[in-house]
């Protein structure tokens, strides 16, 4: 797939430029750093929720910056975690004196770079916590759940973090609720075709005709296994079965549901998939809460999709329902 | 691109099934018809705004049904206008006694089928008006502007119609404002690659490497001409120049701006494009009003995008700003 | 020459079934022709419409005209798209015209085709030469009329008219589309036969096959 | 054996420029290796990092260690990603170790490489055999140490160690990734040389070229 761009080396800068030019009513660029922050940040006495990661995943991560969600987003090159220096500068810019919560997907590069930023902020006497998103059930067995990578479920984790910070919770509370949101979120994904990085001629990976990848990565990494291409209803079953088998302890029966398209698998197909998912959730005793179907974490134009369940308890439900106003997601109050 | 589905013949039905299963908080299926309607419709004394068209364009048309936008959407097969019978049934279902406004893109099939429905409703003594969306500046010369087809600009036309109906305007007023919204909306689009219809192996059309199509159709129709593949900043210039040259009389300086991705050209690229568009708009004396960048009218996974300007006057601005709550678009009040 | 009775109705059902089979066999080709300048859905739409037409025709007995009128409504409802409205209304108009005829003779059929074509032109506002299905229908009807004037049987008149329809269809390859989706392409629409012109030729040919078998 | 003075600083700048050129020439290959099991950005990230390292090194004069420490910070800031943090910190740790050395001799260089490798292991928590850049660095450093024990010059020791680094890099093709993006693939990560292992070999080779020229 050909991509629309000028020079590949200017891509990130122009991308951020166009984004803030269009969405200045929600976000502002962080001066001298590769990131954006909510209009009005920093706010004194509020915890700052700082998300981040490589680009190519819009609206993750920087499309979810604004009132009620992330305070700021640190923006890396396509599929490349931002550097520790950039994370440090962005966090500094939005520090309202009540501490910083870093939350992002569990990928080696992000972990190392954000850890560098965290180290510097701590050295300077700041109060900083980190919650990794680890929702991908296929990335590691349940015994190693904390080693899993973060994919579409980050949406709910950021929503919980942002809503908790917005209402004025202290850092320990924001951290605890964000951790709980992550602990109650599970995702499984499949892919049908790879994606092409701007400026490159070849797709990052290809999927054999009549095959599909199960357990995809959102950076174009191949899945953990391949299978025959399944009809939609079998994919629905694979997804629901895998997630139900991994329901957290005390899951309860109510779960927010996110069907996420990776970019090249379009809305119509996601609805067909959900037509298969809905009865299976019901059969499993899960009551879908305000399902979302759309593109929330993409991988450029990769064809594929994922199902996320975010099991709600009363606290998480309140955070879920809280209003949000960001370029990519609005929840009316 | 492989598409995710079960049997191709069941696609539309399963698509609608999954959609209403997920979004029952906004929409309900129209009994015995291929369409969806806003929860709570019909509302007595309110004009019903009925949109429609082929599917494969989500969120157009049925993703924009809900409070403050369309009252109902009639849903055809992929890229195929719904039949007059279906349009008739959907309109009947949402008729609140204050009349029906049909509004949809100016395509022969849609025009003929909706005309059949309109004829029957008129025969039955109903009050029905039709406003065609004709925003594509490249589809016909300015002298034949009313023959142009409708593409992404329909978003603003439906928004105006829905907001006018929502606040209780009578049918003549809703019609007049919807016409004005259309008359002040212009779009230009380009495409880089074709799209693949669910159940088919081959893309609907292909674009030669290093070429692009100018004046694309949103049904996979080729553009009206091809050109060398341009860098993003030249596309921005082509787009802004073409639209500025076609500004409506009494345009004023304030325009809502929509950068629409067709499905395969992703958000990051659209931001890079807008980085080129924003200064050109400023240079042309146009003040962008609440720009939107995203997927509003798609063509499955076609790679391409469009720029829409919707010149606001005070009336249209009020309609633009009014709240909306639909599965694909929310504006907080 | 046959009476306008329930036998005629059964003949209409046979014709519809035969037409469906013929179009089904060419569905992909029709889609590809439509994709050249349009949106590729013509084959699928025609098949969907004809399946519904056959199903609708398969109700209570009746004269050919009533059967076809029902079939037309079924077609239009199920097919959607430009061809759904046009071909369905064409079938319906033919049916309504035939329903009023005394006998199912060649003159009644020609009048019915006249009514069908008028309906297409009223709905679609195209004329022959605009690169549409009319470029198959119009020369066919003219030739049929000429044959009628020479006193030909329906069978013979139909056989005489089909080559004209085919020539009309072929000529669309050199035309620039003036109606439908392809109209926006101007010069770029040249070079491919029009999908609707092809599907009408397939339909007329299939109808001719049944007429010939009946006559034999 | 040279003094730890501004001449050493200029040598460090020369080395960085040479390393950048060598990696630039292999950028696409590094991207493709990373794409086999990761996300394809390794070549671009290394080039971005090295360009920034060269730019950062090009400031005020100083001893080699200070130049490299600056370069490491520049690398880390600009590159991003796992290799941005790891390689940048590696360069920085090497620089800080060298800055404290009396002379720029082979023992000081080996100690600096030790410090660099310890930094990578502290940050990334990988060990040799996990299919990472450590599989190039670790055998290189062991061989360098062995050569030092025999009293070899830096030039000779480096030349003796490079083949070990290359063998270590090649061995990654048969390894299953335990760290980084490829780790999720298990068995599927086998069959390709690790991208980071390859880029470290390119770097060590380029450094060796400059050392050899200086010695000659």
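Letters A, B, C and D mark the chains in the order given here, with residues in each chain numbered from 1 onward.
Here, a contact is a pair of C-beta atoms (placed from the backbone, for glycine too) under 8 Å apart; a residue touches a chain by one contact, two chains touch by 3 or more.
These numbers come from a predicted model, not from an experiment.
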| item | value |
| --- | --- |
| Joint neighbours of chain C and chain B, given as chain labels | none |
| Whole-Å gap between the CA centroids of chain B and chain D | 54 |
| Chain centre separation in whole Å, for chain D relative to chain A (CA means) | 33 |
| Inter-chain centre distance, chain C versus chain D - centres from mean C-alpha coordinates, in Å | 75 |
| Residues of chain A engaged with two or more neighbouring chains | 78 |
| Of all residues in chain D, the ones touching two or more other chains | none |
| Pairwise touch network: line, ring, star, complete, or other | line |
| Listing of all chain pairs that touch each other, if any do | A-B, A-D, B-C |
| List of chain B residues in touch with chain A within their complex | 1-6, 11, 14-19, 21-23, 25, 55-56, 58-59, 63, 78, 192-193, 198, 209, 229, 231-233, 235, 257, 259, 263-278, 288, 290-295, 298, 300-301, 303, 305, 323, 325, 327-328, 330-333 |
| For the chain D and chain A complex, residues of the former touching the latter | 31, 35, 37-41, 44-45, 48, 73, 76-86, 88, 123-124, 179-182, 184-186, 188 |
| Interfacial residue positions of chain A with respect to chain D in the complex | 54, 76-86, 107-109, 112-113, 115-116, 138-140, 149, 197, 200, 204-205, 215, 217, 219-222, 224-225 |
